[in-house]
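Look for chain A in each of the two complexes below; its partner is chain B in the first and chain C in the second.
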Partner chain A sequence: MKAIIRQELLALSRERLPLMLFTVFVSMISVSSLIGFLTKTTVSDVWIRTREAGLTSAPNPFASLSPLYYARNSIIYIILVGTLMAIIAGVSSALRDRKAATIDLILSRPTSRSAYIYGKLIGITIWLSLSLFLVGVIAAVVISIIFGAALPASDYARLAVFFLLALPLLSGFAVIGMFAGLLSKRETSALLLPISFWAFVTFVIPQIGTAARPVALLNPVPLPPTSGGPFGALNFFIGPFAVSEQFKVASGKILNDPDISGDFSKAIISILGFAVLTSFLISMVKRTSIRGVLSE
Partner chain B sequence: MKSLYVFTEKSICRLSVLSGTRPYCDTMNEFAIVTKDLTKSYKDVVALENLNLSVRQGEIFGLLGHNGAGKTTTVNLLTTLLVPTSGTVEIEGVDSSKSAKDIRKLIGYLPENVQLYNNMTTMENLRFFANLSGLKKPEARIKEVLDYLNFNSHYNKRIGTFSKGMRQRVGIAQAILHNPSVLFLDEPTSGLDPEGVRQLRDVIIRLNADLGVTIFMNTHLLSEVTKTCSSIGILKGGKLAYQNSMNSTLAEFPDQDSLEDIYLSIETAD
Partner chain C sequence: MNKIFSVARMEILDIRRSKLMLSLLGFFLIAAIVSVVVASIDFGVKADAYKTYTDALAASGITNPATAPQLFPLHLMRAAIEYLEILGALFAIILGYAAIAKEKQRGTLSLLFTRPIGNFTLVLGKLGALALVWLAFVSIVVLATMLTAVIAGHAQLSATDVGRLLLTILGAWIYLLVWTAVAVSIASTSKKLTTALIVSIVLWLLVVLVIPQVGDTMDPDNQVPGGLFKSLQIAKPDETAVLANFTGYNSARDALEISSVTKHFERYTFAFLGIKDQYNQQPIGTVWAGVFINALALWLFAIGTLVISLFTTKPKTLLRTSK
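Then we have the complex of A and B:
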């Protein structure tokens, strides 16, 4: 299994598409803190001018906010860019050996099906961990610079937990990508199927449970679920499957976002359950399916 | 001539048999490959039917047949990539239905149209396959094998820059890294230019002569079989139509001018 893990890391570090998405991911996370800073500066400027004009006596809305507020936009970048990066890594991993016609070389050696699949999965998870560690460090440094001082240790810990929580979410989507890559007969369907699944989980399920407000789904703050009525009943059952929304709830709570409402423990169970369920699913892929020939 | 220095007990044994220093080894089976009533069906299509085949230790066996005759299915069954619908496969006395993993330790395999990983070097590709075969620190062994194949100068070059013939050499290297007892080659000369065909033929003959590796190759190039193989089998419609040693085959058909004529007379016979 070690050989497969090492090979996976080497391949991911050289393949163009995963690397391109990784670059976009790192860039977006890096600028997300800056966007938070610019938001604060702009709103504070407006507040100062409004107060000087005697139009308000309300306190500065940012005065009591945690510096972790600047990391708020990272949530949406993890959901939009990070998960896509994970899907592409999973698809690339599954297609690589079939495209290179090396799958028969691998399976004709004393390597078990589970060692092959889980070796790849562990390799991708390590790659995702390293990516999240890097963006976590960048986010911590940028926020400290914007804040003008080192953050309290508890804030660094919260930031670390936030990026750690992103790992099961991204791993789950990487497995979905691998699953599609292993079972598809065509490269295009191997890419389209997991992306359709991602769009369904991220945009369709939350809309069903939150009375259809699609634009709000691009906000880092999750929509409050509909209570009562048929939408409320529906949300009770399908809400946990909207892992992206659950990630927003859990991350918002971890980052001390005052606007977040929702059940933290339910959100954590949903994210971890997603990772465990997808890992279980991929373990059921048969040896003969792994050998399946790509028709393009 | 360069030689490989890493020998298993079995390969030393095989060499001693071939060189005549020992008439037979106790630890060795007479046959490297034996199939009994081997059948493979895909839904309603029977790709291979009741194949009874035996290949002796140290032979170069050529399996001939038209496209779709079942050659690749046979190799896939022998290399444990496919599970038979019925019948058995034994490699070096090991039954594939009981211990496929043990068979995978004994064999080397070069599929048709192997591509390898283009964005990795020869060394990186070979290290991966060596590790999969259980070699812990394979660098020295890789250099030794590349040296044997006169390919050491391409050690750190990326596979993506290689010609088909060069890739095929790396393919052969990955197949013999772990010193297998039996080597399976599926259409090894397919797509190679005449120079590449000649070089690969030399490598196959040297491997067999130096290490006594049993070689099983699928091909439809009769000229290659004549120059390389010590025995042949002919598949026709998923059934073994003929099997014999090359010398006996030529003696059996004295009226035929070439192996091509022999092949056609067997192929067209009812």
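Then we have the complex of A and C:
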């Protein structure tokens, strides 16, 4: 299994497609803190102007916000860019041996099917961990620069926990990508089916449970379900499957965002459950499916 | 001309036979219909809450000062339009990519170009077919969501509403054509098809999701739940006066937003459907004058991407990149 993990890490570091999305991911996480800073500065300036003009006596809404506010947008980039990166890494990994027609050779060695699958999965998870570690360090450095001083240790710890929580979410989507890569007959379907699944989980499921519009779901703050009617019950049953919304709840709580409402423990269970369930289900993929010939 | 029709006919036949494409389009249609049902139920819940509140106040001898929620049928389509904005663009990329990818994968290009066909025959046939498919698809989606609004939301449509819907169909059709043309160009010029698909998806991610999200995030009013100016209890004229001091920041934000074709599509459709308050229940002429720039931008994006796809999908390029 060690050889498979090593090979997976080597392949992922060489392949252009996961690296392309990784570059977008790193750029967006770096820029997101800067956007947060610009916005906060502008809002504070607006407040100063209105106060000076005698238009308001309300306190500055941003006066007591923690520096972790600047990491708020990272939540949405993990959901939009990070998960797609994980899917592409999963698909690329699963298709690699099928495309090169080396899968028969690998499975002719004393390697079990589960060692092959889990070796790849562990390799991808290590690659995702390294990616998240890197973006976490970048985010911490950028926020410290914007804040003008080192953050309190508890804030760094919160940032670390936030990026750590992203790992099961990304791993779950990487497994979905692996599923498609192992089972699809065509390369195009292998890429499109998990992306469609991602769109379903990110936009359609939350809408049914909360009546939130798809564009509103691009907001890092999850919307609570409409009170009354069937939405409370729908959200109770469907909500846990909206893992991206659950990730927003858990991350917001970790980052001390005062606007976040929702059940933290339910959100954590949902994210971990997603990762564990997908990891368990992939062990059921049959040997014949893994060896299936690609039509293109 | 007959050759262009032959290519187009073949393309439509291929799409009809593709289970993947039909599943994706079916998935979209169901998601759009469900979104209207959800919006109708949501409106019903709000209307019931208003009635309960009014009854409780009446029992105490107080008149409810709040106005009753009013149903504007076209507003129920908002989520469906947003699906077109996000998922529609993704599916347009997939269809455009597939139109070129399948020829490269099957190795039919060399054979095709041994026939006496012109430089633009293939691309015109394929784009023509995809344009027809999108026109039919958008019409079906709009019709189905409107029927759902009438049945589930008990909405009533006026003749003007039909005109607004036709203009919405036109805008959505142009928007999807833009994305299809982008995918055709990228698939034609890429030697590796997987790279073409991923590059198209990264472009979609940036233009459809990231840029509008950054633009919304930069809006100061979006930074406080319920709106910054509401929380500061500032009236609209004062808000405008205060924001006049931040023209540089607002111009940068606006420039970012208008660089995305998605934002133009959103502004155009939201205006005609009356989702944007200032255009709600306004005559079509007034709305048209207000969103002329967005309509023009949509057309320019479409013309630009279609022209690029014409020149990047020539036989010479296709043969070179399919080796």
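We take it that the second predicted complex is superposed on the first by the 293 of 296 C-alpha atoms of A that agree within 3 Å, B and C clash if a C-alpha of one lies under 4 Å from a C-alpha of the other, contacts with A are read in each partner's own complex, and residues count from 1 in each chain.
Simple rule for what comes next: a residue touches a chain if its C-beta (ideal position, glycine included) is under 8 Å from a C-beta of that chain, and two chains touch if they have at least 3 such contacts.
From a predicted model like this one, the values you see are computed outputs, not experimental measurements.
Using the contact criterion defined above for the overlaid structures, shared-chain residue A:P152 touches neither chain B nor chain C, since it reaches no partner. Touch criterion met: A:K2 reaches chain B, while chain C stays clear of it. In the superposed model, A:T102 lies in contact with chain B only, and not with chain C. Contacts of A:S189 after superposition: chain C is touched, whereas chain B is not reached. Chain A has more of its residues touched by C than by the other of chain B and chain C. Contacts of A:P110 after superposition: chain B is touched, whereas chain C is not reached.
Once the two complexes are overlaid on the shared chain, A:L38 sits against chain C while remaining clear of chain B. Applying the stated touch rule to the two superposed structures, the chain B and chain C interfaces on chain A have no residue in common. Interface residues of chain A facing chain B in the complex, by the touch rule stated above, are 2-4, 6-7, 10-11, 14-15, 96, 99-102, 104-112, 288, 291. The residues of chain A lying in touch with chain C in their complex are 16-17, 20-21, 24, 28, 31, 35-36, 38-40, 42-43, 45-47, 49-50, 53, 55-56, 58, 61-62, 73, 76-77, 80-81, 84, 88, 187-189, 191-192, 195-196, 199-200, 203-204, 207-208, 211, 213-215, 218-219, 221, 226-231, 259, 296.
Remark: chain B residues 76, 79-82, 101-102, 104-105, 107, 109, 111, 113-120, 124, 128-129, 131-134, 174 touch chain A in the complex.
Of all residues in chain C, only 20, 24, 27, 31, 34-35, 38-39, 41-42, 44-46, 48-49, 78-79, 82-83, 85-87, 90, 94, 97-98, 101, 105, 193-195, 197-199, 201-202, 205-206, 209-210, 212-214, 216-218, 220, 223-225, 228, 231-234, 238, 242-243, 245-246, 249, 266 touch chain A in the complex they form.
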